[in-house]
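Starting off with a structure, shown below.
Think of it as A, B, C and D in the order they're written, each chain with its own count starting at 1.
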Amino acid sequence: MDYQRILEDIYREIQPFAREGKPADYIPALARVDADRFGICLDTIDGGQYLLGDASERFSIQSITKVFSLAAALGLEGEALWSRVGREPSGTAFNSLIQLEVEHGIPRNPFINAGAIVVADVLMSHYERCDEAYLDFVRAISGNPTIGYNREVASSERATAYLNAAIANLLKYHGNLHGDIERVLNFYILQCSVEMSCCDLSRAFKPFADHRSPFRYGSTSLTSSQVKRINAIMQTCGFYDEAGEFSYLVGLPGKSGVGGGIAAVCPLKYSVAVWSPRLNGKGNSVMGMKALELLTTRTEESIF
Amino acid sequence: MDYQRILEDIYREIQPFAREGKPADYIPALARVDADRFGICLDTIDGGQYLLGDASERFSIQSITKVFSLAAALGLEGEALWSRVGREPSGTAFNSLIQLEVEHGIPRNPFINAGAIVVADVLMSHYERCDEAYLDFVRAISGNPTIGYNREVASSERATAYLNAAIANLLKYHGNLHGDIERVLNFYILQCSVEMSCCDLSRAFKPFADHRSPFRYGSTSLTSSQVKRINAIMQTCGFYDEAGEFSYLVGLPGKSGVGGGIAAVCPLKYSVAVWSPRLNGKGNSVMGMKALELLTTRTEESIF
Amino acid sequence: MDYQRILEDIYREIQPFAREGKPADYIPALARVDADRFGICLDTIDGGQYLLGDASERFSIQSITKVFSLAAALGLEGEALWSRVGREPSGTAFNSLIQLEVEHGIPRNPFINAGAIVVADVLMSHYERCDEAYLDFVRAISGNPTIGYNREVASSERATAYLNAAIANLLKYHGNLHGDIERVLNFYILQCSVEMSCCDLSRAFKPFADHRSPFRYGSTSLTSSQVKRINAIMQTCGFYDEAGEFSYLVGLPGKSGVGGGIAAVCPLKYSVAVWSPRLNGKGNSVMGMKALELLTTRTEESIF
Amino acid sequence: MDYQRILEDIYREIQPFAREGKPADYIPALARVDADRFGICLDTIDGGQYLLGDASERFSIQSITKVFSLAAALGLEGEALWSRVGREPSGTAFNSLIQLEVEHGIPRNPFINAGAIVVADVLMSHYERCDEAYLDFVRAISGNPTIGYNREVASSERATAYLNAAIANLLKYHGNLHGDIERVLNFYILQCSVEMSCCDLSRAFKPFADHRSPFRYGSTSLTSSQVKRINAIMQTCGFYDEAGEFSYLVGLPGKSGVGGGIAAVCPLKYSVAVWSPRLNGKGNSVMGMKALELLTTRTEESIF
């Protein structure tokens, strides 16, 4: 398959959407990003790499980090993790407190904020020095030891994270947050501030596509079955209230972030990451969604 | 792959669960079924067929019929269908009126009752004689011209279908039901009363697995892309409030019914149907779920 | 107290609001009413009557009928009525299905549609010929034997009563509707079609103000305590989602209808009825609310 | 009216309920209270005082404090207060986050926790030294300069106030909390820790009953109309999810607290306070509710 040419075709074809949507602006550090950047990188499991545009530029991965957190927590805690967080799609906006209250403090899945805060709490119970340990894992899985947090983004987010603080307090009220609320929140928000390029992300998602190879990065290891099951959760829960739409149009497990990034995998074929900061009304990258829809249409490779 | 032997191994392995759960008993006709029947049938896309137990016995397919209805409606109405029904997972019990009211009469997806009632309304606007036309399609796709409705089941369901009648009235209130409420409800309930065996179902789902072959049955035809997209909806919405669980444990697009049947596909590999009337608390067949989980574990074939 | 002069002062003072809001138009028969009518009638318990404007013109009392229905049902069924309907304010729009589903078919109070449909069902279980029996009671309590139903309004409402039909079906599903759905709905809607003037209504509410006199009309009798308790329910539940607002601004138990009428009582002092078809966004008469607010301000007579 | 004798009769009559319910035990300081205390005190507006049992013993007034806070805030902020908090009954449990999220951060009324936290925020924007200023007002209105906070109760509550912290963060998120979250929460919780006896409370509520006398305590003054309107809010919102029940059975404006206290007023007649720590499932004093129901039955004095 001539992926390079397909990426170039896609790039041309999505130009009509180049001005649709606008970047996240709830914190200054994100609003400063040039809205018109676009990058894409695809890694095949047999070692090919195809890229285009701003594929090497780092951006704030935001919620994409939740995939790494889930992988780390599942490796450390095992299936016991599921007593504290579900794996059902949420069916409401990503930050809704309603479901959490109705379901007595068990978040629907690890990819809504409530679930990711519980996952952060689980990680802190295992890690001695959580900030370093988490970064070590992300660096290992992406093969890039220069990846780091953006502490300006993190502290800017923390200053106005009232909704996440409400969620954390509600979790604590229901007995589903064991650590100190402030520390867990800080760690959760720090995770979201990781900066990576499309190439970093594509490489870091390759182990999810290539589940027949051993998954072992530092102290974190997963079985092939666990890796496939993380893909299953990405498929049903990776796109907030638009998981069904993405599944319908693209047909790949993936995860998006409000920084404009999307990473996805075609099991046993390739991983891919795309970045374009303009978001649609549901918080997903407009051009990113479009590019991935065209990718599976052109390649005729999707999980369905 | 020695599917026959795998099916036999699975059958032994699920015996400990043989008495778990109980059959649907909300109507007498369903409650009369022998709770301890079990059948499974698997069709590979290259023509192999493997079966075991009561695979040839007909049962009430109930909600599995929603897949055929969606296929028929998508063929007749095209993408315009999505202005009347969503394709997002519902995140609440399959018959909840709450989401419907909050979202002003647009059902979340075609596999909850509200969505299927809208689909029935769409079909009636296209079919001249809807009962015959729908049955013709089901017979054609399964290759079995003897398949029929069970009108006793249908009339028994109709007599107590207060919740579905509430849903239909609420749809009408919101302008999303064009036909006569009574007629649409009757047609919807009749669809659910279709009786098929595991072998019939597996055969009828094979076109969804084999999306590279033309999908044309009577007047209904779908593109390859449409077929794959129906698979995507089965994946995210096929198991009521347990779609994530099924996706996580089994990893195949599928659809269950309260008659105890489940049909699923492994794209480009096989279709499979299993039947066991005892249901778990979420309305899905206990042994059916277990059998399919073991199937993808043993074969190492899932979409992820 | 010079009530006549107070009414005249009020009438002048509310003129600036004369064009605010618009009449209910969901059925043609209501939309035809002249939007600019205004009438008010006040009956003191010692026999005085004061009126102004279109106080003798009949209009569709709509939901005000729920007070008569509750009185009749409480008289016939006694406190057992409260096992089938609550007496808490609803806190959501008057026709919401959500609360009904969450609370398993027990309507919050007898003045939301769901509660009134249950009350209609209760009445039908006691009355031999319900249409006549109910009208007899309304005629008796208002002392006007010429009062009647408007069957054109009723049949017009019935034709599009999808939401009420949804509610009735949901009640039936939860086992809280014993009669035939169609018959109960028809009877409920017929009750709402009663036509009365402000003078009729004021007279019919006088027994609620004058709870020290015996309450006995035809076969319906209530204790003084029961009468006062109906007032309590009017106070907390009589104005849909605006019960608190009415209580705050007016401070009298009362009941409004989408025909633009409001009836209220000042216990041991007077009953009052006002009519003006233009409604605010919550379905209550703009000038009616304003007039009653001024009435209690001027007279310094409220229950608080 | 021989109130003393009526109180004694009531006391005898409620003995069968003496062991029903149990005291609040969510913090140790409340759980330590003797569950079997009972006191009642009634002040007529013409100066009579009638008391019985433990009427002079102080207890934690908890949510009853919300009436004083509302009075103070309404005095300082005027009608502008209603842009930040509603006055409709809530229709759900007193601490529900759901309504707050659905209604975008405007609490339903000042007597649910969310509303009282907004009221605390309002008070802090007016008071220079809020702890002292609030206590001064409570001491002034009750005529008892020895009334104080119980800081052990307050700090014990603060340590586990996760739900209130969730509410405060959600209010901040919606822009309806202007002060520092921690400080507002601490002030709100301190207000709830005020300790008063039935006699203190009855005296402090007398100005609400006697709304024809000037309401001026320290820097806080209210018009007669404002006082009556606070009564209206007590009537519709004073008993959490049981406001309708209390209104129906008792028929007086009032406010309860989880310490087991209830204070109520019969406008232009008397104020009354009762205390008994055992609570029903809705968090209201079992014997307190019963005693007040009998009081209005015996005296035949209620607002209806």
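Here, a contact is a pair of C-beta atoms (placed from the backbone, for glycine too) under 8 Å apart; a residue touches a chain by one contact, two chains touch by 3 or more.
Not measured: the values here are computed from a predicted model.
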Degree value of the rotation bringing subunit B onto subunit C, based on Cα positions, nearest 5: 180
Centre distance in Å when subunit A and subunit D are each reduced to the mean of their C-alpha atoms: 48
Centre distance in Å when subunit B and subunit D are each reduced to the mean of their C-alpha atoms: 55
Chain-level touch network, classified as line, ring, star, complete or other: ring
In the complex, subunit A residues that touch subunit D: 96-98, 101-102, 162-163, 165-167, 169-170, 172-173, 181
Residues of subunit D defined as touching subunit C within the complex: 86-92, 99, 108-109, 211, 224-225, 228-229, 231-233, 235-237, 241-245, 247-249, 251, 253, 267, 297, 300, 302-304
